[in-house]
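What follows is a pair of complexes built around subunit A, which joins subunit B in one and subunit C in the other.
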Partner chain A sequence: MSAKPEITLEHFYVFNGTYAKKEGEEEKKILYYYPSKIDLDSQIKNIGLSEAIIKFTESFNPGQACDYCHTHKTRQIYFQPEPDFWMVMIVGVPRVWKVKDGTQFMEYQNEEVSSNVCQAILRQTYTMFRLFMGSFDTILNDPECGSVLLLKHKLDHFYSRYLLSLKLNNSDILDVFQGLQFLPLDKTTFLRVQCFMNLVEAMFSQVKYTAFLYNDQLVWSGLDPEDMQVVYNYLISTLLPAYLEKELHGGSMPRNSPSPFTSSHYGKFVTGPSSINEPNGTGKLPRVYINYSTIPISLYLVVYRALSATICLFVDSKTSLVMDFFKSLDTFLGPQLTTLVSSVAEQCSKHVTIVADSSPKYLYFNKLNLAYKSTIHLDNRRCSNVLTTPEVLRIITDINNDTNKLKEAGEVIIKTMSDYWVVGKLSNLREFFVVIQQKNANLIEIDDEVKRLCEQQLKSIFFH
Partner chain B sequence: MLWNVNRKRKFINSGKTKVFSCSAMATKETVSVGDGIAEPGIEPGASAETMLVTTDSFEEYEQEMSSSIDDKHMKESTTSTISEIQEEVQDIPVTPTPTSPVDLKKVASPDDPELEDISYQFGQTSLDVDPLRSKAWLAQKKHVFVLSQAGKPIYSRHSSEDKLVTVMGVMQALVSFVQDGNDMIRSVHAGDTNFVFVVKGPLILVSVSKTLESVPQLVLQLTYVYNQILSVLTQSQLTRVYDQRRNFDLRRLLTGSERLIDHLLNFMDREPAFFLGAVKCLPLLPSMRDSITQTIVQTCGKIKNLVFAILLANNQLVTLVRMKKYFIHPADLHLIQNLVDSSESFKSAESWTPICLPKFDSNGFMHGHVSYLAEDCQACLLLLTVDRDVFFTLSDAKQKIVEKLRRTNCLEAINESMNKTSVTTGEIGLPEMRHVLYKCRSTAQFWSPGFQSPYTTDEEVERLLGLYQCLHHRLHAPSRPLKLIFQQLDKETMLAWVTSGFELYVTFEPLVTKPDAINSVSKLLKWIKKEEERLFILNSPTF
Partner chain C sequence: MESSTSEDTGDDYYLELSADPIRFESVSFLTNVFFDDSNKQVFAVRSGGVTGVLVKGPNQNLSFRMEDKGPVISIKFSPDMNILAIQRTNTSVEFVNYLPTRELDSVEYSQSCKGKNASILGFVWTHGNEILLVTDHGVELFQVTPEKRTVKALKSLSLGVNWFVFCPQSYLVLLSSGTIGNQMQALHITPGNLHKLTKFEMEATATKPGKLAVSERDVALAVLYDIPCIIVLRHQQGASRSNATTFVYVYTVHKMMTIKRSHILKLDMSGRFAINVVDNLIIVHHQASKTSMIFDIMLPGVSDGTVIYHTSVAVPKPIKPYNLKVPGATLSEHIFQPCQLYSPNWVVFQPNIVIDAKLGCLWYIELRLDALVKVIRDKILLVEFLMQRKDAKQILIQVLQSFMTQMPVSLMEMPTIFDKLNSVYRSHLENEIQSQMGTPLQSNTKSVATTLENLKHKLLIDQSDIYTHILSKFSEGTIEPKMVVWVLLEYIRSLAEHGIPVQHYLHELVITTLVHRKAYYQLHQLLQYHVVADSKPLACLLLSLENLYPAAHQLALDMLKRLGNAHEEIIEVLLSKGHILPALSFFRYVRSVGMADEISARKFLEAGKASNDPILFHSVFKFFEQRNVRLHNTTAFTRGEHCQPYVQHFKYLFRETDNGCNSDTNSNVSTVST
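Up next, the complex of A and B:
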């Protein structure tokens, strides 16, 4: 047996059908096409098919956009992020060679691919693009050089790298939730964090919004939750892992040469100047576009880290980014954050509960504040670091999918062929899943087990 | 060709539950907590003998899926069950001569021509506008379309297919475009609507559905529609006409059969038999049923070439006698039920009808003597033979059967059971239980009680069936089959449970407690066990 068959990214394209006014101009519709090696004719043909499918479903279903299409070998996901703009992602279904009656044939494992998860990934590719490049509309209407050409250029610039980082095979229900992990803190410590962040905003008027994370967990955010979802995802799955990696490899270099201005502290810029003493410039700061639900604005994203704490500062894009600005930030943030983080750490150590391997695993998500908690996933970096089988994760996705369709609240208890019990409780926009592996258990025992777990972990949350 | 009854079971046993075997396990009652519900030792209705081919509908689906992409499976079976029987029984081999299309048209459309005309005109006038612009048409819960690979309209469920030339053209284009890329379009999903495509032989079948049914279930329904077409034409004839002319207008051969497809589709919307892949029996005292069966066996035993004798009442099976070695597939029996239920004309006169049973032999016609037993007993007897010249022999046989049945009070027994309203779970003494579907896997038979409040309107019944279908789909999801689902939702609590012996789908009051639910399931199983001889056919009589 070879390695586990994988889902592959076959095509990914962005098009706008209204850009081709007459026949022969089809090429104009294409804004981005992956893989770029494919000849233009095939690109036009594939986009043509997508347009036909979109039109076909619309003719039966006015007002409801096409979501996805299954073929024997692929899954095609459709998403219309902005009027007339369509994004299509086509993934190849995992396949294996099988032998039946002496003849070899290719089996396509269609059931292994979850359309919901793929849809969530496609949405992510758009929100991530919008975070860093702005919406398609913003780009087209850029007062200086807005044009279709600019849009094409930006799409190419962004996706040619971003698509390579897609983790189609390690994606699961967490991608559907796009949740945030919050750090539970006692009132005093939480207020200290909040005070500190307010102080930063007051001291530096250029700072429009702030966010505070401890490890992978969010403590405070002034951002719109929808924007925080995307920023959080970027920090946790891209920026911070890359930064930590770099730190680790550069281990021999002084962690932070004691700053000449202040007493020693552990603060460092993750985005921005790599060292305050570096004379050659402030480094390249990412610009982010947020607030699309109201008035979109573009801001600089400054990320500052001390020990396990990470601070995000969203800085007015009109600010001139001179070294002095960063120096004063560092002087202010460094020492204060270093002391703050130790008290947060102290609080956290009180909360650590050691989970026995055999005890039930759970996953909780609250749609209202986007909070999630999982003891199924060891971390949230999508590295298949999960404590259960892919089958169980898929069943959780199925339950989520079905109950969304039924639009009803309640409880579902499932026993799989491999004797896993999966329990889903859904009510008040909250979802709670428990996975128990226990042979010979019966429904009542499982029910008791889940009640116990709810009592322990979700005391204050009401399920009917 | 012979179907193996003990098919390979794609089923993992949990050590605790019993594997179905030919032993008389049905009588054993071991108390175990295998799945934590009840005593899985009981398998009411289990029997080592069966006249039905037992398959699960999802096996069917897998077969559909693999066969439509692999051409090697596509080739028609070269063996013909019908000619096999003819060769075996007669000394002189006779090759089946399919009835000519013209003959067929006459026999297969026994409906009143006048009635036909009126409904035709009605269809014309009500939809003079483009259906795709009609809100009412678009709001239909489930559309079904049949077209040829060349894009010619053949059938549409909710409007005259003439009006749909363009949209069917698009469907054909989508299918053939994806085919060009060596792939096959399966389904498209937009909001709450599923578009499902099935390509079978020279035909394309499309379902556009807003129901909760899963893609495999919709594929199964389209396969039934395809089989319904085959049952009128045979596969060989269907292939031949398109081989000769790709552009052939199949409606010419199917005139009068639209009503069969219409009826089949409505039938599938309200009958769990289809997705369960099972048949329901008319409850009868075992002695009465035996006496009916024996009467048929004795009267028809001497008639050569008689393959099946089937007695149906209220769409339920009274008895089925088969030729040794040959079994009937539930899917074929469903087509027969559909034929009987949709043809009022059988009530007025005995008929001689060619019918192709696609699972039995998709390339040849059987000939059916179809008649109702008597004015005062509306059970329908079908005598299916491979011999096309025995109408009068069978007609005589039928008369004799009816006389004997009358003498032995069997007609009365049938009537009594037909006129009795089905028992409800409330009457069984299970107040927390509203409804149930019980399928015995070894015999492909199922039982369900009568509907009671709140399932008293068509909408509620349909909603309930939709929920059952959801559960059925999840239990049998091709790559993730489950053992048990217990779900407590707003309007009802439901349990779906599959063991090696049976499948059970139960609907409870929404606020039932788990111990109460489990208790009542145990009671239910015991009740079915007690009544099994009345509710199921436990033997498999042959001529």
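Up next, the complex of A and C:
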């Protein structure tokens, strides 16, 4: 058997229909097109087709635009992030060669592609762009050089690299949730973290917002959840893995301090200067655009790490990023963070629970604070490190899609051919999925098992 | 000119003389003045007593006459003022009863010291009518019986004595012995008895021959934080005169058994010094510079393992200039005359007395805490210092209030300050619990007693103080709202670390402040980590916030669930939102775990009817019919439940269509028990 058939990215484009006033000007609509090697004519045709589908479907359901369109070979996803701007992603459905009655034919596995997940990925491509480049609107209205040309340039700059990192085949329900994993912590330790972050804000007035992570889990975020979810995604899936990789390779190299006595802490900048003692500049700092629900602002993102703790400082973009600023940050953060981390680590070790392989797996998501917890996924890096089958994950996605239609509470139980029971429960705006693999189980046993798990995992919340 | 400028900066003087001094006749050719530091009485003896003895004390103003039997060396009343002891020679002390008629008895009786060739150095009244004679050969304790005019010897001790110092608070007598006077023997005087404490030696510095290594005027006995202390000035000769410096050694007495040198105060000056004790602080006056310093042995210092070194709490400052009220040109007129401070005529007595024998004034040295607040720069030190002062609560609160106006910079010190306040608060709470539970177990009596001792001197600032004077004052718009949250959380953190339960008003303030700032997600995280303790009122507060922050509803339900006794409220909340099925399912859960069984069916039926959903109403109605069967063996509702309108409504909705099968189900249901 050959390699597993894969979902492929066929087309990805951004357009604004209002930019072409007359016939023959269609080219003006195109803001970004992937793959770029496709000739202009086809680009115009494809965009035209998408526009037509959007317009056509709208007449049946005014005000509610079309989300996606299934074809035999592709899945087309439509998304309107800002008025008149459309983003379209077309993915190729995985296919296999099959032989029936002596003739070979291509079979398209349509059920392998989840539209919801694709939709979530498309939305992610937009929010990630907006985080680093700003919204389309802010780029167009940039007081210095705002123009369509600038927007095109930025889209090209961003997406030409970003699209290559898309993990269409390893995406699942977690991309739909875009959740945050919170670290379970006792009240006192949480307050210590919270107070420390407040102190940072108090001592450095340039710092506007802060966030604190321990390993991959969030402890405290000063940002709104909508912003934090994008930043979190960036940290967990891009920035921190790359940093850790670099650290690992540089592990045998001498530490940046010339003597072990000069630095009594483990703090280091992840973004910003690679070493405090190095004279060559402060490094490149990412700028992020946040607060779209109120007044959008742009801030520098300084990420600092000590042992397993990562803190994000969102610094006023008017700050002059001189070395002295980083030095004073380092001397303030380093020692205090090092001691704080050890107390967090001590608390965490008390919470560690070993989940037996055979025990039921669960996935929890609360859309109000975006918290999620999963024993199905071994980590949250989106690299297919899961303890169940893709089929089960797809079922969860489907149940999630259905529960969205339920009003306040409900329950769905599905049994697969491979003896998997997938239970989805919705209550008090929280979703709880349980995966149990058990032969010859009946509905009552499964229901009892789910009840037991709820009692064990969710006893401190209202979930019935 | 001079005086006016000093008036302007007058706020910096942290010590002052009491406003109303005790005035007495000054020393002259005819008048001798004596001071008894046990009773704090000044005796002015005119012409040996013939022309009168004037006694002035804190509460007395007496005068009487006595016969002149030679020059008086020392004169003191017994503690309850019934016997006057007068020493006129080196070998005996005379007694004369002081009658309730405020005059002296006519008969004197006398007691000479027992020791042969001994000469009396002085005497002190101890307990009741007991008197201790100190001679150069030892000490002798006598019991005086005024009714019989007799004196009986009780105890004695032989020891070569150079000088002695007595402390009326601790009943300690310190005796200097040995040829150079550095052998120290302390005695604890109890009623009828003398107890020797372990002997100790003070290191002898190079002294001129014939002079004692430690002189009487350099020694003071005091009680600091309930611990008897021996405070000794030690002059250290430097290489040259200019770098000669003086230290103060503080010896502490432990359980009236052992004496240990535990503190050293660095004066960084040399010359003549005098010591006072005010509010458990050691005050050192320096005559040459006309300044005084303050030391607090309970504040942290630098320890070398056995001794803690302290520096002065604040920079040396003079005592506040003092104007003495003197008679003017006419009888009715008074003028205020500046008074010379640190005068050579000053004599200092323990604990806090300064006497100017020339002027005839007795003052008490007093602290001016409000001036000290300005002089102590270190915020943490200041708070710690104030916590150890008497009646400093108001000032401490003012100091804390002023820190708040220095936000955000002062947030740096806030954790340590709150921790200091709360560690005292915690011990107070522990004591309260201890006293409520009665006598503690034998094994830990000691530790409890010691914490009690330390606590007595620490100011208690509890959460209601912090709330009323500091945290709730923010609403007047003094600092940015986000800083209010910082302070509030810092305080709650400190309480949590000390295991002190946080009162609901602090939680409420957290919630309202965050809501006011629209920092809903921050609030959400605090609730998520249970920083805010669960309670029904807070859950209701959250419910009321739903319009502002939709997630508050979920948080409120969670909180009600955790409380474990709010099932009815939960059902109420769910029904009010029209969530009838979740409410029913919750009711079923509550019943299944046996927590409650009774619930008003009417509320559910009313909500079902209001939903305008016949199927939903049908489900609700059937659910309760089954319950009725379980409880009363019939589908009918009891009269008390007032469900008749809903039975009608059910009939109206369904009777026509399923008339036939309804009776059928009725009979079926009655056999089913859920």
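Everything that follows uses one rule, which is that the second predicted complex is superposed on the first by the 453 of 464 C-alpha atoms of A that agree within 3 Å, B and C clash if a C-alpha of one lies under 4 Å from a C-alpha of the other, contacts with A are read in each partner's own complex, and residues count from 1 in each chain.
We take it that a residue touches a chain if its C-beta (ideal position, glycine included) is under 8 Å from a C-beta of that chain, and two chains touch if they have at least 3 such contacts.
The model shown is predicted, which means the values in this text are computed figures rather than measured ones.
Enquirer: Taking subunit A as the common reference, can subunit B and subunit C both be placed on it without clashing, or not? Answer clash or fit.
Expert: Here the two partners, once superposed via subunit A, fit next to each other without clashing.
Enquirer: For A:221 in the superposed arrangement: first (subunit B), second (subunit C), both or neither?
Expert: Touch status of A:221: second partner only.
Enquirer: Where does A:97 make contact in the superposed view: on subunit B (first), on subunit C (second), on both, or on neither?
Expert: So A:97 meets neither subunit B nor subunit C here.
Enquirer: Looking only at subunit A, is it subunit B or subunit C that touches more of its residues?
Expert: B
Enquirer: Touching A:194, do we find subunit B (first), subunit C (second), both, or neither?
Expert: A:194 sits against subunit C, while subunit B stays out of touch.
Enquirer: Would you sort A:203 into first (subunit B), second (subunit C), both or neither based on which partner it touches?
Expert: So A:203 only meets subunit C here.
Enquirer: So, does A:105 touch the first partner subunit B, the second partner subunit C, both, or neither?
Expert: Only subunit B is touched by A:105; subunit C is not.
Enquirer: Report for A:409: first if it touches subunit B alone, second if subunit C alone, otherwise both or neither.
Expert: In the superposed model, A:409 contacts both subunit B and subunit C.
Enquirer: Taking C-alpha centres, what angle do subunit B and subunit C open up at subunit A, rounded to the nearest 10 degrees?
Expert: Angle at the centre of subunit A: 130 degrees.
Enquirer: Mind working out whether A:441 is in touch with subunit B, subunit C, both or neither, as first, second, both or neither?
Expert: first
Enquirer: So, does A:67 touch the first partner subunit B, the second partner subunit C, both, or neither?
Expert: A:67 contacts subunit B only, not subunit C.
Enquirer: If you've got the overlay open, could you tell me the nearest Cα approach between subunit B and subunit C in whole angstrom?
Expert: 5
Enquirer: Residue overlap on subunit A between the subunit B contact set and the subunit C contact set?
Expert: Dual-contact residues (subunit A): 408-409.
Enquirer: Under the stated contact criterion, what part of subunit A meets subunit B in this complex?
Expert: Going by the criterion above, the answer is residues 49, 52-53, 55-74, 103, 105, 109-112, 115, 391, 394-395, 398, 402, 405-406, 408-419, 440-447.
Enquirer: Would you tell me which residues of subunit B are touching subunit A in their complex?
Expert: Within the complex, subunit B touches subunit A at residues 12, 14, 16, 33, 35-37, 65, 69-70, 72, 132, 138, 143, 167, 170-171, 173-174, 177-178, 183-193, 195, 208, 212, 215, 470, 474, 477-491, 514-515, 518.
Enquirer: Considering the complex alone, what residue numbers of subunit C touch subunit A?
Expert: Per the stated touch rule, the residues are 407-409, 411-412, 415, 482-483, 485-486, 489-490, 492-493, 496-497, 521-522, 524-526, 528-531, 550-551, 554, 557-558, 560-562, 570, 577, 579, 581-582, 585-586, 589.
Enquirer: Along subunit A, where are the residues that touch subunit C in the complex?
Expert: Its residues touching subunit C are 182, 185-188, 190-192, 194-195, 198-199, 201-203, 205, 220-225, 366, 368-369, 371, 408-409, 427-430, 460-462, 464.
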